[in-house]
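After this come two complexes, each holding chain A, first together with chain B and then together with chain C.
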Partner chain A sequence: MTVSDNAFSTALALILGLDDTLLGIVALSLRVSLTAVLIAALLALPLGAALALWRFPGRSAIIVVLNSFMGLPPVVAGLTVYLLLSRAGPLGEFGLLFTPSAMVVAQVILILPIIAALTRQQVEELHGEYREQLQSLGLSRRRMMPTLLWDARFGLLTVVLAGFGRASAEVGAVMIVGGNIDGVTRMMTTAIVLETSKGNLPLALGLGIVLLGLVTLINAGAYVMGETARRRLG
Partner chain B sequence: MPKAGLALAALGLMGLSLGATAQDEARFITLASTTSTENSGLFDAIIPQFTDASDIEVRVVAVGTGQAFEIARRGDADSLLVHDTAGEERFVAEGYGTERADVMANDFVILGPGDDPAGIRDAETVEEALSRIAEAEAPFASRGDDSGTHRAELHLWEAAGVAPGGEWYRELGSGMGPTLNTAAGMDAYVMADRATWVAFDNRQNLELLFEGDEALFNQYGSVRIDPERHPHLKHDLAEQWHDWLLSDEGQQAIADFTVKGQQLFFPNAK
Partner chain C sequence: MNDMPRTLPAATIPALSLEAASVVHRGQTLLKPLTLTLDGYQRILVMGPNGAGKSLLLRLAHGLLAPSTGRVHWHGRPPRQAMVFQRPVLLRRSALDNLTYALAVHGVPWRSRKSLAREALARFGLAPLEKRPARVLSGGEQQRLALARAWLLNPEVLFLDEPTAALDPASMRAVEEAVRDFHALGTRIVMTTHDLNQARRLADEVVLLHEGQLVEHSAAERFFAAPASPTSRAFLEGALVW
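Here is the complex of A and B:
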């Protein structure tokens, strides 16, 4: 296992070296994925809750579509956003292609269905438990929404983390819409692809270990936060 | 507001505010180019020299030549530097570009497992080498991605009078680097541009088996995009880049670039 030995020492050297280029790549990865998660969560949490509470024609179809879009191939999301943002496309005049904003848009499309679909499921279960209670308080569905979302918060934290995991791990979409431009749109995952194509496997794997470490740190932070809040608030 | 929500919102806001600062308006052009120029490190060596001289940043999107043409056709790149002379001339003839110019050249090489099962080491011409691979039905890894290298490879098979196909001929649909990784993994013959090969680290059993035939010449050209078709592009800045590549300074910068002591690109602007 010489390769992985090298990769671990490479990863260690990368972290200890605090190389400016690497810091830039890490910062961009976090910035893009966290922004995408925030935007997707702001849209998908209410959407999921609404789907759980309201009954209307076409509701089942929307749920099925959301569920299947959880498996949307990143490269398809990337291609779609590329065609939209390309100068020849409908949103071309904004000049967003090959910028971090384009990567955020692609990632939002990827993770919005995940957060919305899982939120719907969680809120629907909770609603089943509390329905009579909430109705006896005379709450309208619109008033129930924030209450149920709040009560489901610990489960929803995991849902949002699942979205973040998908965003930080994918490469197909950001490669196409970002272009992997050095210093502008090069992220952890696209840098890994680049180093692999140069045959520099230890560095590629080393970057992978750094990425995994970062994601683990964020998840650990979220876990500790959730546990502390759960204990305090009962 | 609850703590978990607060922290999440804070994280998100941090992301957004950072996002706002990153969009500084700098003088830059977007260059669609090939993986061979990027992966070998050429751009890292010459672009800073151009930026010092002109105060223009060059952002490189490195893809296969086919995709680079498509990006330029759609108006998503200010300039184009690829290696498919026939394709470049067609691009200009179709009205997407105003002119193309020779910038530099290197050559393709044929690589394969060190024990050379098809015996191409002593072949006289590249046609002969390819015919021997086909006769021996030795595994051959092809890019299969409509890149400049793939197009050149197909021309060579045609010249050798072989229609490659069957078990032994594997179209990977991948870039040069991934194709070399795969060829190394399955002990296959493969054609690569010399620049990517010299800079490539994961060689395993792969060795350079055939080189030097004139038919393996690999010309790179810079193409100027037509301002009338895509008026929004930064044609003034792109023109400075194009002219710099062809200038004495640009040509010297290309000649000075070496990897492992080897010069990889030979400037030949007229």
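Here is the complex of A and C:
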């Protein structure tokens, strides 16, 4: 039997066995990543739309920074949050380090630039098409924002999914700020790293398969939802 | 219609003046300083070959574009305005929702939005299409939907930028009928076209532009019978370079 044969049977056993530890890890992974995506989207969608609509000094600089932060190495984001949240850091008094909240913060920092930068692109394009009509209806830029975000919703769904993909696949940041504590901050990805280093390759790969399956499920759900709406509304 | 009564305006529609208004884009003068007053309940047809500056003039007048030099202003309060574009801009929503959206923007209470929107759809022969996504409608249907949207805004001044340029003859007739209906209810029409026959059918006044310059502004009858300038004559004879 090769490692991969073992991995598939391990994955199957993990899923069918409804192992409590596994369920805990899966639930935490989903909770952290989905919370991070939600918070990042709430901040980044209006931010991206605002960058698309307003011209002001420093706008180009912000766009360049956002674009380059799309490729921010997770460990760097993790380290930054670690320094902020550690006892001696400026936010140390909240005692967030090594908690799921710290992992959410780190993931928000990772995916906010992705969602904001891509939202700006999409909204700017749509604004080019809608501008004169909306202006003719007497809308100010501020009132155009919700209209443009809503009408760009199919594209933006993909943008948010890209953010979720990054959050759920990421290991460096949550490892540093979460600490991979069993039962508290152990996620799918950090568990995979741990099992790999212990040499338990079938379990590591099994966890990987479960993770991939979950992400695929969520993406499939979003795709079906988006396509149905798209077909209905053109 | 109870919420937005469509009555003849009690007061006159304020006149619009362009005073030496020009449009310069990246060092190129697209519209030379132009002085013009648009007044009354007229149907004003802005004509000229492609690139004459018709669309720019309309955008200046409607306020979509600020003049590079000079001034554009209403004599008194700015009236209710609407604009219909050559390629209608419709939102990615159903035909009905496109109309209720415009009503919402103008502060019509949501209770009455749907019924008003349905009346407008019926008026423009679009009632069976209310649930269809606006952007899969045919070109003529889209333009009628854009007119229905403008109708709901109950404009005192309606701008139309080559509204029939991309339409088949039947749709073109529908648009022209709509223009007459708007006008019959006391709306000032400012419309661009390069179709001479259309101008003959619709115009009370003609504004002729050529190469970013105002050539003539006169009553339609006079313009077609005895054009004042050689350029106008050349345009009517189809001799201007298009």
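As a convention for this text, the second predicted complex is superposed on the first by the 231 of 234 C-alpha atoms of A that agree within 3 Å, B and C clash if a C-alpha of one lies under 4 Å from a C-alpha of the other, contacts with A are read in each partner's own complex, and residues count from 1 in each chain.
Everything below uses one rule, namely that a contact is a pair of C-beta atoms (placed from the backbone, for glycine too) under 8 Å apart; a residue touches a chain by one contact, two chains touch by 3 or more.
It should be emphasised that the depicted structure is a prediction, and the values quoted were computed from it without experimental measurement.
> Applying the touch criterion given at the start, work out whether A:Ile181 contacts chain B, chain C, both or neither, answering first, second, both or neither.
A:Ile181: touches chain B, not chain C.
> So which one touches more of the residues on chain A, chain B or chain C?
Tallying touched residues of chain A, the top partner is B.
> Between chain B (first) and chain C (second), which does A:Ala13 come into contact with in this model arrangement: first, second, both, or neither?
In the superposed model, A:Ala13 contacts neither chain B nor chain C.
> Does the superposition put A:Thr99 against chain B (first), chain C (second), both, or neither?
first
> So, A:Met225: does it touch chain B (first), chain C (second), both, or neither?
After superposition on chain A, A:Met225 lies in contact with chain B alone.
> Taking the superposition as given, does A:Leu137 touch the first partner, chain B, the second, chain C, both, or neither?
Touch partner of A:Leu137: chain C, not chain B.
> Classify the contacts of A:Val64 with the two partner chains as first (chain B alone), second (chain C alone), both, or neither.
Once the two structures are laid over each other on A, A:Val64 reaches no partner at all.
> Residues on chain A in contact with chain B in one complex and with chain C in the other?
Chain A residues touching both partners: 154, 233.
> Over in the complex, which chain A residues touch chain B? Could you list them?
Touching chain B from chain A are residues 27-28, 30-32, 34-35, 37-39, 41, 86-89, 92-93, 95, 97-101, 104, 150, 153-154, 157, 160, 179-182, 184, 194, 196-201, 225-226, 228-229, 233.
> What residues on chain C touch chain A, complex-wise?
59, 62-64, 81-83, 85, 89, 91-94, 101-102, 105-106, 132-136, 153
> How about chain B: which of its residues touch chain A in the complex?
Touching chain A from chain B are residues 2-5, 7-9, 11-16, 18-19, 22-23, 30, 35, 39, 43-44, 59-63, 74-76, 175-178, 180-181, 184, 199-203, 230, 232.
> In the complex of these two chains, what residues of chain A are touching chain C?
129-130, 132-133, 135-139, 143, 147, 151, 154, 232-234
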